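The following pair of complexes shares a single chain, subunit A, combined with subunit B in the former and subunit C in the latter.
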Partner chain A sequence: MLGSGIIKGLAETGRNFVGSYFDPERMTTVEYPEQRLAPKENTRQFPFLVFDGEAALAGLRCVACQICEKECPPQCIYIEKSREKKPDHLGKPQFHPAIFDIDISVCMSCQICVEVCPFDAIKMDTEFELSTSDRFGGLLMHKDLLARPNSHFLKVHPTDAGVIDARRAEERARLEAKARLDSEAKAKEAPPAA
Partner chain B sequence: MMVTQRSSDEWDRPAPVAGSYAFVVGDDPEDPGSLLEVSMGPQHPSTHGVFRMDVVLDGETVVKLKPVFGYLHRNHEKIAENISYLGSMPYTDRLDYFCSLTNNWAYALAVEKLAGISVPERAEYLRVILSELTRLQNHVCLAGFLAQDMGASGTPLMYGFREREKILDLFESLTGARMMCNYMRFGGCRCDTPPGWLDEARAVVDSFPRFLHEFENLLSSNEILMSRTQGIGVLGKDLAVGAGITGPCLRAAGVDYDIRKVDGYGIYPRFQFRVPLGEHGDTYDRYMMRILEMHESLGILKQALDGIPEGPIIDPKAKLRGFRPKAGESYGRIEAPKGELGFYLISDGSPSPYRYRVRPPSLVNLTVLEDLCVGHNVADTVIILGSIDIVLGEVDR
Partner chain C sequence: MFQAIDQIFVNLLRGFLGHLPEPIRPWAGLVISLGAILGTFGLLFGLTTVCERKAIARMQNRLGPNRVGPYGFLQFIADGIKSLTKEDIVPRSADKVVHFIAPLALLVPVVLTYLVLPFGRNMVVLDLDAGLLFYFAAGASTELAVFMAGWSSRNKYSLLGAMRAIAQMLSYELPFILSTIGVVMVTGSLSTVRIVEAQGPGDGWLAHWNVFTPWGFAAFFLFLIAAFAEANRSPFDLPEGESEIVAGYFLEYSGFKFALFFMAEYLGMFSSSALAVTLFLGGWTAPVSFLGFVPSWLWFFLKLGVLMALFIWVRGTTPRLRMDQLMDFAWKFMLPLALFLIPVVVLWDRVGRGWVGWVLCGPIVAAAYVWLGRALVGRRRIQLRTYRYASG
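== the complex of A and B ==
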């Protein structure tokens, strides 16, 4: 019968309309910003720099190796190395970034910088409400704006951060054990002068 | 205060320029002024992006049609020749921005061929799962947009988007982004699935047939849809093969050609699935191809989700930094939702490719637009364009 297909379709629309009041499957709209969806752990928006300890700029894990600057596909990272070195968490003297800028109006959230970083210093944030009326200065993030404590990393990506923290703790423990062995060996070699 | 109205004729303007907006062509000497040239687009919702059709009309009938594109050109290929192999992976997401994961796979396949990298079993399964999910969400959007082009404003599209949302949520929880996934790497995938992801995927796959049934009830037997699409934009077998059309448009013309079967790339030979074929090659067949392919994709997804093994996700020999394949060339192609997507690479042993070329299905499929549209009404060109399924990010690159 001509028109039966249309009626069948309208019945489907009706079922959806009525269902949208009762069936949770069909109630899909979320009223942002009053309601928000639970964030997903793997979500990535823009990069941030991880620091350890209390002082943001002193504790940055970044050693200004500039790998991320080279690998960044849209070239949105700018780094300048410091002149002097200072010890990292293993006590090894390392450079640190004198300037670390990310232009997040250019960044395309691809996570390549995170993948290539050998020091776990740059990670992806989940913050997305970054709109500003100042489109030049406001979107150019300097290192003081980019620095976030490790506790923030633990909050947004608990699994990743847990693995990295465990690895760093292990590295430090191994180094301390080695240092202890070394000092004991030294003590044996050179008996106290009597 | 009195406002003196000025006539708009006061302004001295240049004469209308061909192609800029409607103007009279009048190239019929018998009946001057009978033909009208209309520029549809580039800022027009029916053109699915920034795309322009230069249409010459005789009344309502299309006499000539010239597709004009390039408005979204982003220099993708040249950029890729200047950055590392890994660096162009996120750029491939932006080709066909509906199907970033299949783009990733095609590029990864080409590089793996070039460098001779093997892919672990689990990564192969994940690639199949993700690309079939991509196919589902692409086809569901296409069917919705096609109905929107026909004037069913909103409802089918919103139903389609509701289902697509579930698949995008899966993508987000696995890859970190909803559309620009940037997930595949040379020799595998970037990260393993979070706990429970496969169960979530299975739940989405299991609930999809119900939606598909609903969607078919809504549209497939609708008389308006049938009369708007059947016999409209018929693409003949010979023309389709001759013009290099691939994907659902080719299969709607009745040519049995699916790269998943022909090439058997990845682990597709292990799965049981049929290739739906059309008979008439008209817009309705192209619509039905998508619906039927979704059923087959669900079958593949079920088999893949049941068969996925544990194991490493990426080849341990694969290098992320300092990747320099030896000199040579390769062509990797896959059956993307829109057709054959291929990447042609020439390496000279340096960290970036010497030549990088994309074979986009959308662009090649678009070349027959004039043949499909001539003789039909101007309102049909919109549907025909919609049924070809183009994404301008891929056409212009």
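== the complex of A and C ==
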């Protein structure tokens, strides 16, 4: 009959209305600044540069290979290589970035820079409360602002960082084992001096 | 004592006017009453918007505004300040004068309709003999303002919205007015004050509200549905359908002019609800005589509140109609039913307005409802739609 649908609908919304006062299960709202959802591991906002050790700029993993700069779709990364090399965590001499800038007003959080980096040097941050009262300033992030310790990486993406840390430790161990073998072989080769 | 509380506003006004020189008294009375009406209903407008947002949120299991003031009830003040301080943009190719006048032309007739509504015992600004006629005359001129707004914006969406609004408001004006004819017939007067008095308990203990009659019950709902459509409220909010025509006729309005449109819409809704209360729910009269000690204006605003809750509830429930459904409903269902109710009222009057009337008129009205309803929706068959090119 005409009107029965309306009555049914009114009953449904009425039930929701009353139910919302008595049944907290129904409510999906999270009142944001006071209440928060648990952070999700796979969220991504803007990239950061990982460093090892204590000193931020000295410990950057980035070797200024510029792959990410070339791959970044909106071209928001700008890198300038250093002139001199310094040893990386495996002791190999490598360049490091003299300038590493990301324009986060252009960055579209696509994570491509992270995917292409062969040195696990750039990763996505989960920080999203980035609003400021300054409209134009602070959008070009220099490397000192981009640098985050590995412990931060471990905190925001534990699974990912764990795998990478294990691999790096393994690489180092293999290198040390090789060095030990080498030196032992060298020791064997050279006859004990008479 | 009860008498004093009941008449407190009337006596305040009379006392104040006593201090003024004789010739300006009627004018001063008019201005003060208008100010009081605007103040009361302006505040009610603000509170209703908050209540509406909160209630609809609850119907969707959300929280709604809850930050400004206690439980978020001061949200409307923040919104008002925001819309006052916003930039007022007039499109370059708009007809500037008409664009400026339209919101005022909408608000003024709506406010005029309040002049003939009795808010309580002796609380009516103008007790016109043809009060109801005045109400409809003033109310109907809002359509012009709507079209002015849509036309002067020089925007196709605005124009489409205005055309929809005109088509809808004109179509629903008929059942809106025809559904009140029964009330005028049994009362024998067009004066809103007389109509309310005729519905009071009189000598008995039960009030004779018009909604408690078979024809009045049907007419009440017809009137209410038409009032929904007149106020452009969901499910009849086609003139402002966001998904199709952005915002309809007030698309090109911003800032305070937009707020005026918004306010006029709500004031129109209050005034047609108030008329529904006056005509069918006994105005300021108590439902039973032993509750007569409650002040008359309190009864009026209680009933108004119930109707507003119904408006909000329906808005939270129904989806928007399609244009052809809208027109079908007005012309094929509401208009015939409203016309049919007129002879039923005559029958009700002839058989003595008692239980005989119920036995005779009740089934007739119900049968008409069922039959017209079936004619409207019964024959429609839903079939699988086939496409010429897109299938397969």
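The definition used in the following text is that the second predicted complex is superposed on the first by the 184 of 194 C-alpha atoms of A that agree within 3 Å, B and C clash if a C-alpha of one lies under 4 Å from a C-alpha of the other, contacts with A are read in each partner's own complex, and residues count from 1 in each chain.
The working rule: a residue touches a chain if its C-beta (ideal position, glycine included) is under 8 Å from a C-beta of that chain, and two chains touch if they have at least 3 such contacts.
No experiment lies behind these values; they were computed from the predicted model shown.
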TODO: Check subunit A with both subunit B and subunit C modelled on it and let me know: fit or clash.
DONE: clash
Open item on the list: With both complexes overlaid on chain A, does A:124 touch subunit B (first), subunit C (second), both or neither?
Closed with: first
- [ ] Identify the partner contact of A:73: answer first if only subunit B is touched, second if only subunit C is, both if each is, neither if none is.
- [x] first
- [ ] Answer with first, second, both or neither: which of subunit B and subunit C does A:81 touch in the superposed model?
- [x] neither
Task: First (subunit B), second (subunit C), both or neither touched by A:2 - done: both
TODO: Based on the superposed arrangement, let me know which partner A:116 touches: subunit B (first), subunit C (second), both, or neither?
DONE: first
Open item on the list: Applying the document's definition of touch, where does A:42 land relative to subunit B and subunit C: first, second, both, or neither?
Closed with: first
TODO: For A:31, select first, second, both or neither according to whether it touches subunit B, subunit C, the two together, or no partner.
DONE: second
Open item on the list: Per the contact definition in the header, classify A:12: touching subunit B only (first), subunit C only (second), both, or neither.
Closed with: both
- [ ] State the stretch of subunit C that overlaps subunit B in the combined model; pick it from 220-228, 346-354 or 382-390.
- [x] 382-390
- [ ] Please write out, lowest number first, the residues of subunit A touched by both subunit B and subunit C across the two complexes.
- [x] 2-3, 6, 9, 12-13, 16, 26, 28
TODO: Write out the stretch or stretches of subunit B touching subunit A in their complex.
DONE: 83-84, 86-91, 93, 155, 159, 162, 165, 169, 172-177, 180, 182, 190-191, 194, 207, 214, 217-224, 226, 320-321
Open item on the list: If we count contacts the way the header does, which residues on subunit C are in touch with subunit A in the complex?
Closed with: 55, 58-63, 313-314, 316-318, 333, 369-370, 372-374, 376-377
Task: subunit C partner contacts - residues on subunit A that touch it in the complex - done: 1-3, 6, 9-10, 12-14, 16-17, 19-21, 26-29, 31
Open item on the list: Quick check: in the complex, which residue numbers of subunit A touch subunit B?
Closed with: 2-6, 8-9, 11-13, 15-16, 25-26, 28, 40-44, 67, 71-73, 108-112, 115-116, 124, 159
